[in-house]
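One structure follows; several queries about it will come next.
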Amino acid sequence: MNKNDFAPAPPMGWNSYDYYDTTVNEEQVRANADYMAKNLKEFGWEYIIVDIQWYAHHTGSRREQFQYIPFSKLEMDEYSRLQPDPVRFPSSAGGAGFAPLAAYIHSLGLKFGIHIMRGIPRAAAHAHSKILGTDVAADEVADPSSICGWNPDMYGVRNTSAGQAYYDSILKLYASWGVDFIKCDDICNTNLYTEHPYSARHEIEMISTAITRLGRPIVLSLSPGPALIDKAWHYGRYANMWRITDDFWDDWDLLKNMFCRCELWQKHVSRGCYPDLDMLPLGRLGKGFGKERQTNFTCQEQRTMMTLWCLFGSPLMLGAELTLLDEWTLSLLTNKEILSLATPDCRPWQIHRDETQAIWTGCNETDGSFYVALFNLSDKEKEISVSLEELFFCPYVRNPNIKGQDVIQLRDLWKDEISMFTGSTISQSVKPHDCVIYKIG
Amino acid sequence: MNKNDFAPAPPMGWNSYDYYDTTVNEEQVRANADYMAKNLKEFGWEYIIVDIQWYAHHTGSRREQFQYIPFSKLEMDEYSRLQPDPVRFPSSAGGAGFAPLAAYIHSLGLKFGIHIMRGIPRAAAHAHSKILGTDVAADEVADPSSICGWNPDMYGVRNTSAGQAYYDSILKLYASWGVDFIKCDDICNTNLYTEHPYSARHEIEMISTAITRLGRPIVLSLSPGPALIDKAWHYGRYANMWRITDDFWDDWDLLKNMFCRCELWQKHVSRGCYPDLDMLPLGRLGKGFGKERQTNFTCQEQRTMMTLWCLFGSPLMLGAELTLLDEWTLSLLTNKEILSLATPDCRPWQIHRDETQAIWTGCNETDGSFYVALFNLSDKEKEISVSLEELFFCPYVRNPNIKGQDVIQLRDLWKDEISMFTGSTISQSVKPHDCVIYKIG
Amino acid sequence: MNKNDFAPAPPMGWNSYDYYDTTVNEEQVRANADYMAKNLKEFGWEYIIVDIQWYAHHTGSRREQFQYIPFSKLEMDEYSRLQPDPVRFPSSAGGAGFAPLAAYIHSLGLKFGIHIMRGIPRAAAHAHSKILGTDVAADEVADPSSICGWNPDMYGVRNTSAGQAYYDSILKLYASWGVDFIKCDDICNTNLYTEHPYSARHEIEMISTAITRLGRPIVLSLSPGPALIDKAWHYGRYANMWRITDDFWDDWDLLKNMFCRCELWQKHVSRGCYPDLDMLPLGRLGKGFGKERQTNFTCQEQRTMMTLWCLFGSPLMLGAELTLLDEWTLSLLTNKEILSLATPDCRPWQIHRDETQAIWTGCNETDGSFYVALFNLSDKEKEISVSLEELFFCPYVRNPNIKGQDVIQLRDLWKDEISMFTGSTISQSVKPHDCVIYKIG
Amino acid sequence: MNKNDFAPAPPMGWNSYDYYDTTVNEEQVRANADYMAKNLKEFGWEYIIVDIQWYAHHTGSRREQFQYIPFSKLEMDEYSRLQPDPVRFPSSAGGAGFAPLAAYIHSLGLKFGIHIMRGIPRAAAHAHSKILGTDVAADEVADPSSICGWNPDMYGVRNTSAGQAYYDSILKLYASWGVDFIKCDDICNTNLYTEHPYSARHEIEMISTAITRLGRPIVLSLSPGPALIDKAWHYGRYANMWRITDDFWDDWDLLKNMFCRCELWQKHVSRGCYPDLDMLPLGRLGKGFGKERQTNFTCQEQRTMMTLWCLFGSPLMLGAELTLLDEWTLSLLTNKEILSLATPDCRPWQIHRDETQAIWTGCNETDGSFYVALFNLSDKEKEISVSLEELFFCPYVRNPNIKGQDVIQLRDLWKDEISMFTGSTISQSVKPHDCVIYKIG
């Protein structure tokens, strides 16, 4: 089992968090899956992810005070393993867990994922609950000094055989449900421990080991960011994707900042290994947070975001409530040429970046396609230029078909227009926060 | 109630930790109290302090793995308040708490103190236990993201009226037992949170408020160190003593390092306000840690320690098992002149410090007594000198009786010898790690 | 020679910087001295300080680019010692240095001070200039890796006998001129070296040694701030005053921030030892900076500043151009009762501080006078209260005459009004950013 | 001009520093070049680099005190440009500079490189020396607050057109001499400024611009390390090689530590872009440092070093005095198969690393060759194993000829032996600090 085979391209899907926060229920998940199967599947979208606290009762009931109610009731089996809240996920009742929901999603030709917090429930540790297949109890597994700074549910797991047994036991459960994707939180950057933000390193390895033992592919996604660049090798060795940013929302400053992060991580995109730019806050957002809205991003900004995410090769996870998707947003998500960039075969490379603009190339090593994107990061319309000579700083362009030609064809991927170009410098006027991306030659 | 009146001089007593670790029992406490009453009380020693985890069952039973067994059974009443382990403290059975033990200690003319961890038991929060006199339960009081890095028993208390109510309820209980002294831990420097080591600031204030409401003096001691020099005003405003070092043991490097700390905190000793140099690791030590031994300090080092602690004005807490005290150690603890330095009336002042020596003065502002101590911090015998002119850098020496005299009397406080001195520089050969202290004039 | 005798009270005077920047000339200095002698001397103001770059030619000539013109001509004697620019200070011509100006100031019954940068002129090091009384040249004295981050004139001095010889040589020169006060810059916090901000520790000691060798009092003032609280003992041992803030200007946020700094340093004010809150930006300011103006402080803020500076015991250095002083400002500077607080005999103590208010006491240990000041730090008028009980947290109040009295007299020092007070709490409405200070009993 | 074309493979050569420190002279340089041309050139070794302070007089004359004598005489032309010390480099006399020496080296079929410090001579700034082709002088170019922490010769250059003009002028001079390689120091990590270690970012860009303007390839090498991983894109954009370590010497701890650094930088090796592991301290070393010796590395350690440097793709710069080279060392430097790994076509990849061992693969994307190296980092002989499955975590292995074969050929590159392997795990006993490297299939 090579974990890189689990995700030959950046995973694409929908995640419940941006619209529902902690409150999503089974009916809502099914509705979004139905929409995806009908409208998005053919474009490559396939994952349906249930995000945080599916195991908690009364989620959202004290939202003005707490996102995660401390010491509240969590659904748990006798082996210290969390189970779906049967009120929100009726099909899980009687010990079925997420198996019925996963089966439904699979029946649509889609894949099913869940969010987990690293660790073992605090309640299990205090209750000395059993660990499946062992003689020890949860108090031996839990590390009382390892907690999450923002969610009160879990203790970290000790780096012992008992700890491995616990992770084995939950992964077996998830596999039995039919889980295809796990987004594990509080593990990529354990930010409570500012001097030891990689304090859960051993838990990454233990979860990876548990997955390997399953004999069944489960994509492993690590949160939250920002991931630590000096741990890049370790992320790529054990996980499929890892968040390289804090929580991303529909705010231009956050989007602009992504260009720095993409510069930093561009060399680390490869088959089965994806630095993750976080969910796409498009369409309808924020209901569970008490501030439902249409995304604050302008159309230009949305285009910039989609172009960067695809060209960089980030996983693509929709934050929008799909059943409320408008035509414009749908068009963004179904541009096949843009989406085709999101493959590890297409190597991203930053040519230039300053406060006002960024220029990136993409080079598909398999079919030789070559792309250049011009991003206007300033607040004014702006002429952006790149010389052909600069393009050849990209180390992936070996024998591009543009060298030595007098006239070069440029295909605008968003406008679906072709223009012919002569000279030594490509130059284009770009609207504020907007971008242009060309396929060259 | 002015908390400064609770400790007009640095508290002097015995603490169970250095010998017993977490395991001390009632019989042992009584035996040490008996010894103190008989042999030390007349010299000012008066506190008997039961240190950490008197509320925990089976302490010490897994010492090779844990100093504090995670998720183990803690004795607790229905109001989330910890109670003594009745196995180790039989007189506490039936809800009596520490009242019988405190009464016994009071009957000897001594005072009684206990150690507490800041916060509320984790077990109480998870069980939603009641809080005395309120409608809320422990889950509302406990802050799940505030823990101790080295002890697993408690959650921090929220800065709310419910939180204050909890602290009021435990202080009332302690007052009802007859507690005279509280050593509160994980509060002076919350070192798990390296960027926010004063994260429990509000808990210091809440405990202080709870004490003030009692109408009964309870000395408040804060641990662990090192205390933060930029919070000096806050410590002095709310507490009686605060640890300015990490845990101190019988190691010369640690002792030598105290001279830096004393330099730093010398201006912050005043009536009711004592920077704390930690327990005196003298005599028999370490049984509970599995390495019982006579102190590793040489006689010279012990003299240096006693001189510095007294001259600086630190609280004096004996770590030795008193019932095993030898004659030499007893003589150290019963030198009345040395002990008389430990009063806020006697202002300490560092004249000089380098890697090889330190020179301090003490100036009693009430009776005008003036002292100079010469410490040899090097590993070789050394002549240490101080000019009379340098002594006058001490800002507390207003009209010393030494100015203008031809002959000055020096009284060696440890040797109890008098010599007459002429000239402008006091000079004395001092053994490695040893010191000489003179009363001048 | 005990340096503490050089400044038995916080120095009070005028400094050329706030109005003239680097450009002050002899005529202007004399005019300010004349004003002081005539109008301020009787209230205790006595120092006239010529601030930075008196040795540089063409100062201010490229102000839009540089405050300190790099590699510009500095007036220097054959022994690597800077001399006054003879264009701006005509009386210095022919090698007289500042002697004639100092003599004039002394003739008015005032004292004379100069600013220096720590170190030796870079130009001297590169030219291998001589060092008085030695065989070595400036290249042996200068440390090429020790520079100032904001002024290009000097290299730091090595910790060698040649280095000491250089400092001896310049101090002898200054003494021969009649200098009474030296403000040494880039030494209190060498902020270019963020991890070693006390990198010039040895230069403080060397300058102190050079002064001691003179047999003549010269007050030593260290800049810039913020001073390092963990070096408090060292500052007090070697200097008379040290800046505890960055450069202070007429901005409320900076003034409000001083309350934190005063909390931090309150214990470190003693005879000859003064934490320094920086110049008083009152009256006419900023001509040399190209933005001449009346101070931006409101009258309320000015009162707050004067009260805090005096009660805390800071040195008082006027930034205003004295010849342009208005009546209101003059009245602030000539309130004898307020100024009388500025003595080390009057011990400051913070009773309380939060974001909206601060309460301080002052206690004169010599005559028993007791003061309380109520500061409104908020932007709204506010009732500020302090209980008598709280006042007794001040450790300096031993036997105040207010204990046990039914009626207590309060004397408002700014209004010069007396009121009688009964009850347990003093309470007063205070305007935004304003204060009230009472003498009690 | 694409700078990546200047160094299609990692540069290989000799550097004067490890043996001569600051003292190398022309005769010695020629002798080493002669040796290289005769014995090493055919194996790819081609650069002869004159390291630091070739422009300084009397280098090494005060070695017990200074490595770089402060304020000493530097040879400089009228345009603020440093020239070779004519005493040590006689052919440079009369303004010829390094042209004669470069011509000689070129005549041997080798290339010539020099070391420079970033910036402009301090002496030029203080003397207001001219800048070629401009109206301004050196005082306008030099930034007096930008210095090197360990070498006193230069000031940093301002980010202005005058600054660019200065860099243009020196690069033109170097090009006129025939320089092929520049090792620029104090620029990759400006470690004096601990919070701004990339403070010379603009100087990197300016030197790169100056080179581009030459129309002549000059390889740009940046020192000292450790380079900043978050600036990886910037180094690769403007330079050919950059030091990723502090100074490297013949010490096992330093060598072991290189495995961490190689993990960190492995993705950043590409054509024209080489993270630099520093010189190879082999053979005779240290004469100029006053401790001439044979390298302290054992033969095993030397083999490990050569294997790692080549497999990783680091530049290879010999520190040994070549005229004293022994047979063993020569054999290390002339193993063609090992040296053949040092090409950007061969992509390095770490499979595993812990405290005791490291496993790396190399995959030549051009010819499909596949290598695995087993490093024993422990102090005992050790069996090191790697499964075939693990090898396929390497993202560069697309169609290796080992998949699906029953018997696989392993060729030991150091022993030049072939063995046949069956099974799923390659396992080999390796001596302490030694390594084995196989070509597979």
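Going in written order, the chains are labelled A, B, C and D, and every chain counts its residues from 1.
In this section, a residue touches a chain if its C-beta (ideal position, glycine included) is under 8 Å from a C-beta of that chain, and two chains touch if they have at least 3 such contacts.
It should be emphasised that the depicted structure is a prediction, and the values quoted were computed from it without experimental measurement.
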> How short can a path of touching chains from chain B to chain D be, counted in steps?
Replying inline: 2
>> If I list every residue number at the interface of chain B and chain C, are over half of them used by both copies, so same, or under half, so different?
In response: same
>> From the C-alpha centres, identify the chain that is farthest from chain C.
In response: A
> With chain centres defined as C-alpha means, what is the inter-centre distance between chain C and chain D in Å?
Replying inline: 52
> If you average the Cα atoms of chain A and of chain C to get two centres, how far apart are those centres in Å?
Replying inline: 57
>> For chain B versus chain C, what separation do you get between their C-alpha means, in angstrom?
In response: 39
> Could you say which residues in chain A touch two or more other chains, in rising order?
Replying inline: none
> If each protein chain is taken as a node and each touching pair as an edge, is the resulting graph a line, ring, star, complete or other?
Replying inline: ring
> Who touches whom among the chains?
Replying inline: A-B, A-D, B-C, C-D
> What part of chain B is in contact with chain C in the complex they form?
Replying inline: 2, 4, 229-230, 232-233, 237, 263-264, 266-268, 270-273, 350, 389, 392-393, 395
>> So in the complex, the part of chain A that touches chain B is made up of which residues?
In response: 70-71, 122-123, 125-126, 128, 139, 142-145, 147-150, 152, 192-195
